[in-house]
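Each of the two complexes below includes subunit A, the first together with subunit B, the second together with subunit C.
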Partner chain A sequence: MRPISGQMLLSTGVLLCIASSLSTIADASQQALHVKETVPILKAPEAFHEQLVLKPLNDGGAYSHFQFTTHIGTMMDEEHFDGAASNLFSHYNLFPRSIGQILHSFEVEELHLTFTQGRWQYSDWGYPLAPSVGTGVELWAWLNNNRLQAEGNWRGLTNTLSGLFCASLNFIDDTISIEPKLSFRNEGLYNVHSSKLSPSNTTSTTPRKLRYGSLPHENVCTENLTPWIKLLPCKSKSGIASLLKSHKLFDTRFYSMAIHVRPVCEDDKCKVKSLELVQTITTVFDVARQDGSYDWSLSSLFEREITQACPLASTSNIIVHLPQTTQFDKQYELTPMLPEGRYTIGSDENKQEIAVYDLKKAYSGDTSSSSEPFKLSMQWESSRPKSVQPISPGIVAHRYFTGYGQERGGLSIEIYNNDSQDVEAVLLDTLPWYLKLYLHTFTVHLNDQLLENYRDIVKKMYYQQAVDRARPAVLELALNLPSHSKIKFSISFDKVFLKYTEHPPDANRGFDIGYAVITVPLARQKGQIGYGSVDHLRIYQGRDASLVQSRRLSTQQQEGNDDDNETDKVRIYTETLLLSLPTPDFSMPYNVITLTCTVIALFFGSMFNLMTRNFEVVGSDKTKGKDKEKKDE
Partner chain B sequence: MRPRAILKHLTITTVIGAFITSVLAASVTTDTSTENVEGFFNKTRSGHTNNWAVLVCTSRFWFNYRHIANTLAMYRTVKRLGIPDSNIIMMLADDVACNSRNIFPATVYNNRGRYLDLYGENVEVDYRGYEVTVENFIRLLTGRVAKETPRSKRLLTDDQSNILVYMTGHGGEDFLKFQDAEEISSYDLGDAFQQMYEKKRYNEILFMIDTCQANTMYTKIHSPNILATGSSELSQSSYSHHDDPDIGVAVVDRFTYYVLEVLEKIDMQSKATLKDLFDTYNPKLLYSNPGVRSDLFHRPLDQALLTDFFGNVQNIELTEPKDHSSSTLATEGDSVSTQQVEIGTEVEGPSVLQIQPDHTDNNNTETLHQQQGSKQPHARERVEDHTFEVGDSSQSQNWRYVAFVSLSVVLGGALIAGSSMI
Partner chain C sequence: MSTNVVPGGQKAANTPSNNVALVFGAAFALRLGLLNLPAFPSILADQVEISTPITSFKRLSEGVFLFRNGVPPYDGGVFHQAPLLLGLFYLIINSPPLVNALYILVDLAIGYMLLQITAIKERDSTSEKKIMQYGDKTEESGMSGLTVASLYLFNPFTIVSCIGKSTILFSNMAVVAGIWMGMKRNKGLAMFSIALATYLSFYPAMLMIPVVLMLTRGDIGKQQQKRISVQCGALFLACLISLFLLSFVLVDSWSFFSGVYGTILAVTDLTPNLGLLWYFFIEMFDHFRSFFLIVFQLHVFIFAVPVSIKLWKYPLFVSFILCAIMGTFKGYPSIGDAALYLGLLPLSSEIFKYMRYTFLVVNLFLYSSLLAPIFWYLWVYVGSGNANFFYAIGLVYGIGEIILMIDTTFAICRRDFEILSPPETSGDPASLGWDREVVQK
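For the complex of A and B:
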């Protein structure tokens, strides 16, 4: 059955291709006419929102999260919404042209690119607001695979992004690109809604392909930030982005910078769709490093000040998460304190107080006040909190190498579930081909007890065997983590002896092995802050709160039919690891050449000598006689 | 006098007369094109229309901070003098700015006083880390890059580009190390430049290298219009200038330091020449004997401006209105920087432009094309030796084209005839 159905699929695909290519021109004109006459184009204006979330951390750090959201264009509901292929990008106002062109030419439907330096400390800082915090560079994209060009487009995409962001993204080639089966589901809303809301349209589901790649060793520095800032409508000239000073941003314990592009719904029924570009910068400043004081202000953190809101922004907010002190409420003072800008979100133990500052409002008045810098500071009574509520993230994971020597080793992943409930999770681990995994050595420990049968824990397992110099090994597990448990996965591997030329210039440093990613749904109550998702921004914006809720509902309904869970999941990134492979003596070739040459020279020299020289027995009498003869002459 | 002697005299005079007449004829023919050829007789202006810079630091590791600082200082200088980021290809083999050893994060200084942060808020590094390899460097120069390569990683020059190639790192006699793992030899470099010449990828090149025994690196260059300068002679080391106690390592090399001292004083309108720069070389300050190789360079050094290479000051190219869209802009639009000015008049004629279609695809390099290209320069060299106008070469190419077409027609006819007979 299998091959036949495959062939059928293939043939239909080919047919479709031919048909589509034939009818493209006609279709385009027809569509345009059709659109103009029947469905009114709900051309929502492009919109730009900027937001800064500040959160004091228990260990004296200050967590800042910049989020800039740009929306572009809309299309009618019935048609397949294809941000990449549509005529969305005929004109650019706020949306950056460079990104638009990339999406268009490589038929990208959803794009997520994150640059991170440092490691997110889950047990100290809780979960981040940013969705991706894995050290290095992470790139994943959903590509339109209509014309079976996804592979080429992925190559083009990585190269183009590498040029745009001055990073070595072109190193994400086939040997490290993977296609996860359970993780990294698309966050956009293409046909999820159109198929739900208009059942007639279900057949038009376009084939799309997920490609994922990460570079754990990639540095992040100013040259990456420069092009990132250039994507903003106001650059760093005004608004919240004027705080972005590279010298301070890179002087932090953690720095992460991302762009996320995805199509989203603008209303409850998803009649209006738009393409959303979210740019985030997440940093953790070490406030207490200088003098042990936990006090901070905008100017002390960023060494810059906001003197006006970005004129192009629809909303421009600064949000401060107020610390949850256990004993006294008045341990700290936040200035300025606006009583009307203080909200409580969430409920019960997940309650969070926030202070919201609307820069648009602050700078909407007369021009004289607009030159005043916006001052915001937090002061503690005794320069640091007396007591803080400890952070207890539900799921924490660690990964490490075991074993010793340069021949073989082992890999262990530990996942702690501190929740009182069982949690469904997905573990994705990618290992480069130079680690030869042995699947039969895969073991599972539950609370330090070896499990003979781990079917209760590992529900599904996808394993892709590595191919030398062609593709990495992928291990993807659908897990059921019991409450209050510690689960340990172990697997053994052999280290490959690489070719002489395959080593990097600093081979003795070792090879960086990327993180494992654990995707878990977070129990979330209504109105609570969405960690690990750029959606949290919508919570703060009254107009969108209901939308997020409705989207969540619809996707939950979707989940009923399909296991393909999509949104509202937090991704937990483990540590990146350093692997030392056996390195050859790099001066060996020269030694070999020298030695060989010496041997050959000795051999050849002596042979040559032997063959060309004429050996004669020289008698002492004879020579004397000759000498005498010569003298006589 | 004997008749034999008379005959001899006669033959001599006729020979001489013939020679004189031929010379006269030649001078007459050259006279007609004097206006166009002026540049050759009195070539003081560069004649370039766009500027590019390739700045390469080949050293990895923190203790080589100074090499990255050297390169970034040159980057700041050429940027200040007007070369846009799109025309600067910068290769940095390591990231010292955001290195955890750097106590001034996201900065690079080349002076103990730390007056100027070379990294700044706006910097574009095109090749970095493991991408800085000999292969990538030669591919960049010769244009033989993969088809996915983004624009920022391509050297999109043409035959009217002046290129500054600055390299720094650790080297030795006839080689320069890349990242402590591989070397580029002076032969590789000479061949790469020759390939660039054959593909008409430059008008003039200033090759500047700051490394130990640097002068040996330019000895194998053999392509015209390349001016080279290095920091030290054979068996001499190049030294660093001073260190910064807070950063903990040396921050700049001597040669680059003193070159920058000159460059800092000039601006885009400066009339300072390369000779002025070379005259400031002081072996006592450098602790080594810097070298200049100008035998391939066809302009007098005291008339070649520094801004011809370090700046973006360009000549205005005058073209006929008709050719305007068809030749230069259409074919070279991609590689010409935005600053290039094209004004349509009838002064210079289309001769300059007619050559250009020949190298429209100089970026799509195939071996075939390379072989093709290797034939053209001979023609061009011959032309230059006889100081003919550039238009002649285009005419000769027209002639070639006609010959080629007619030959192919004849061959095709023969083929058809042959096939019909069969």
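For the complex of A and C:
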């Protein structure tokens, strides 16, 4: 009986959704507002958006960014709401049930999980659209700490996600979990679990806990992608997701996939709230590697084709960033080029031309055209797109080890500010306990000159000492980076000698040390693409731009700094490092135990002997007598 | 061996004091010169043979830095030294000359106290002339105080330990001060010093017993002895508790207990040193770790009572042997521990002639002192050696220490035997004196 009823439930859900998307997709928020008057407690205006952003990169690569957004909406009538979000997750149409249950049972308010393979080249590719590009796995979550169970919930969360995504997330235990004080602020706008309070003062009253952990050594592969695809309403059967072919996705220079869950407001006054699940896949294809040609098309990149939009999606767009050529326009050809789908966003030097393809429109109702695959291709007239404008990211950071030998070393972080103005930034560096940091060796160089007093650069410093086998060291700095400057932070450390069981099987390869994260507010003009934030989706959709603005405003009011509401917080990830620790001889346990114990026994035995026996002169009467006795025996 | 000793020769009174000034002046100048060499002190301070996790000056600086900036210093895995040390260096660490001066003066103070201890011991032994003579030979008097002090002050181990700014020096000073005060029969200061040494590095708690033996030596009644012992115990505890309270006031937390004594006893920091335990616990299977930890830590302490019972007549030697046991079997031994017991050894110089393996011991010490830094370099920097190289040198050094302890204990037992049953004055010359053949039964 059970599977049948489940199937029925699903099919009705899908039907319901299609109906709702057909009829009322025009303005979801208005619909929700309307519903509020009729249904007092709860209505879930679920919605699903899919989007693909394609961007030719300066080095000839093609950058693709898939973004799938699912909303599970609720209208929080403050008088009737029972405080727990149980009703929110009582019924699932589009929102993946596995994620909903995880959020519910571990009281997670915000969840950000990113799997990344490869390293993002900031100086070649600029800033990514995805919020996180740190190599390996990064997981951070805001947990409700009402019942002081955040630690247990965090453990449960990592273990459950580990099972869900077939990854080693369960290794994010206390020894590598941290609680940043300045970085990784919550991105959601209100607190689902305490909606009895008005949105303006939710942050101050609910005890919440941020937990952050990363696994730099984690490899990302198909087994992680498959469960990720399963979270999508259309899976990879139709719509943009049908392009996701693991064989091609992992054959790239950079691959990153993520899920972000956060609570958001659906209207200006935050009367209608919803939980947003954003799934992203970011890849950088090396287009020219195959045949030397920089031309690409959807089918050449993904070896798949889109034959229809996802029927469950409210919007389904493909957006192409047109190359910013410095000379005459006709260096490339994008086909098909729709005159109505061409916009210019941003202004001044940040201007960006985009071409938008609405798949919903392309496949709307017409059954004959739906069998025709959507074709998109970019062709360059010359063999190499030379004349594109160079990218100069405002802030670039690098990190490296100094020193030699396996006893001690140094860590240096270099931050370049190419901007013409000072930038406030936050640096977060997490180092595992097997690096013993010496904070008194911390130095700051400004443009290669040692600063005696670095108060002007380092405004605030938060330092957590590592405890052996218990927790990592955390160094968090609130910085003021002067314009056109290079700041170098150095600190020295000792390498810890680990027990032989604590070494990985390939001990001489070394240990991966995770990236440092620099959170920088990048000034943005109205309508400009928001890098490093999933909000940019809304900006593309035009009508939601004001919504993003209002959200940002309310966030900043909560944080208490509403002076610079025109900024995006971009997180810049540095390189991960490989640390080689001194190794013992792994074949020696028995030898060492035997030899050490022998030496100790040598002392004990001799000392025992000396303490218990007395001297006698050889040949004296006593000894002779005893010898005789012995012989007699 | 003892060129300065002129027994019975009451020459010009100012010659010995001139010599004292010369020795101490030379020791002072040597240390000052070495401390002011560029890079040399920091190279020494980075040597694992000199600085251990619980005595490293670098870690002390880190602790002071954290304390100064409001980070609880014991809430982490770097700083494991006593809070009062933190307080002391909090005041002076910003002035390197002051820190250097403190190290030099403490080292010289140890030398001075050894000089004084020898003087008291000589006074004691002249009142007990019968020990000086046996058979038909007169035992030579021991080394003079100045020789003992110079042997300490110019011992390379002492010098590098001082230049490397190992904080074991302060613990050593407390130990020697305790012995001095014990010899001077000053209960209060003796117990305070031993409590301070215990507070700084825990193991010297054992020295309670020999110091009480010193305080109760001579012709005093059983009742008196008991009374003094009980008083000493109370004084020791009172001093220790007040030191702990003072520390609590300073750092405003009891976390220093686990930070300092937890690290000493549980051997959690497995940074290599000249001891036997680091590699043992790196290689040990996890489920046996606690068993061996308990056994090895007990092993350090179990000798205190039997040695004190057997050799109760020689409290100075008992202090030496207990310091040597500590310096060999503790979790984080360093050159500084060797400097202490090698400094205490000449106090019992009368036993030297009964020792059998002096040459071997000296060679083992030389061999390990030379090869330890080389093998360390081969393992950690060049990569052409592995951990076993350094461990092997640690074993050789440990064997050297063990043979030294066994040999000296044998020698003092042998001397004790000679005193109790002096050889007959007539008879076979081969059986005369200390080279006659004996056997242990």
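Heads up, the rule we're going with is that the second predicted complex is superposed on the first by the 507 of 633 C-alpha atoms of A that agree within 3 Å, B and C clash if a C-alpha of one lies under 4 Å from a C-alpha of the other, contacts with A are read in each partner's own complex, and residues count from 1 in each chain.
One rule holds for everything that comes next: a residue touches a chain if its C-beta (ideal position, glycine included) is under 8 Å from a C-beta of that chain, and two chains touch if they have at least 3 such contacts.
Here the structure is a predicted model, which is why all the values come from computation and not from measurement.
Peer 1: When both complexes are superposed, which of subunit B and subunit C contacts more residues belonging to subunit A?
Peer 2: Looking at subunit B versus subunit C, the one contacting more residues of subunit A is C.
Peer 1: For A:609, select first, second, both or neither according to whether it touches subunit B, subunit C, the two together, or no partner.
Peer 2: It touches subunit C, and subunit B stays clear.
Peer 1: Counting only touches as set out at the top, which of subunit B and subunit C does A:455 meet: first, second, both, neither?
Peer 2: Touch partners of A:455: none, neither subunit B nor subunit C.
Peer 1: Please indicate which partner A:220 is in contact with in the superposed arrangement: first for subunit B, second for subunit C, both, or neither.
Peer 2: first
Peer 1: Check whether A:247 is in contact with subunit B, with subunit C, with both or with neither, and answer first, second, both or neither.
Peer 2: first
Peer 1: Tell me which partner A:159 touches in the superposition: subunit B (first), subunit C (second), both or neither.
Peer 2: Touch partner of A:159: subunit B, not subunit C.
Peer 1: Identify the overlap between the subunit B-contacting and the subunit C-contacting residues of subunit A.
Peer 2: The answer is that subunit A has no such residue.
Peer 1: Sort out for me which residues of subunit B touch subunit A in the complex.
Peer 2: Interface residues on the subunit B side: 60-61, 93, 95, 97-98, 104-107, 117, 119-126, 128-131, 146, 148-153, 178-182.
Peer 1: Once bound in the complex, which stretches of subunit C touch subunit A?
Peer 2: Interface residues on the subunit C side: 46, 48, 58, 61-62, 64-66, 69, 71, 75-78, 268-272, 276-286, 296, 299, 303, 306-307, 310, 328-329, 379-381, 383, 386-388, 391, 395, 398-399, 402, 405-406, 409-410, 413-414, 417, 421, 423, 431, 436-441.
Peer 1: Quick check: in the complex, which residue numbers of subunit A touch subunit C?
Peer 2: Answer in residue numbers: 404-408, 433, 436-440, 463, 465-469, 473, 494, 496-501, 582-585, 588-589, 592-593, 595-596, 599-600, 602-604, 606-607, 609-611, 613-619, 622-623, 626.
Peer 1: Of all residues in subunit A, which touch subunit B in the complex?
Peer 2: My answer: residues 117, 155-156, 159-160, 162-164, 166-168, 170-171, 218-223, 226-227, 236, 245-247, 249-251, 504-506, 586.
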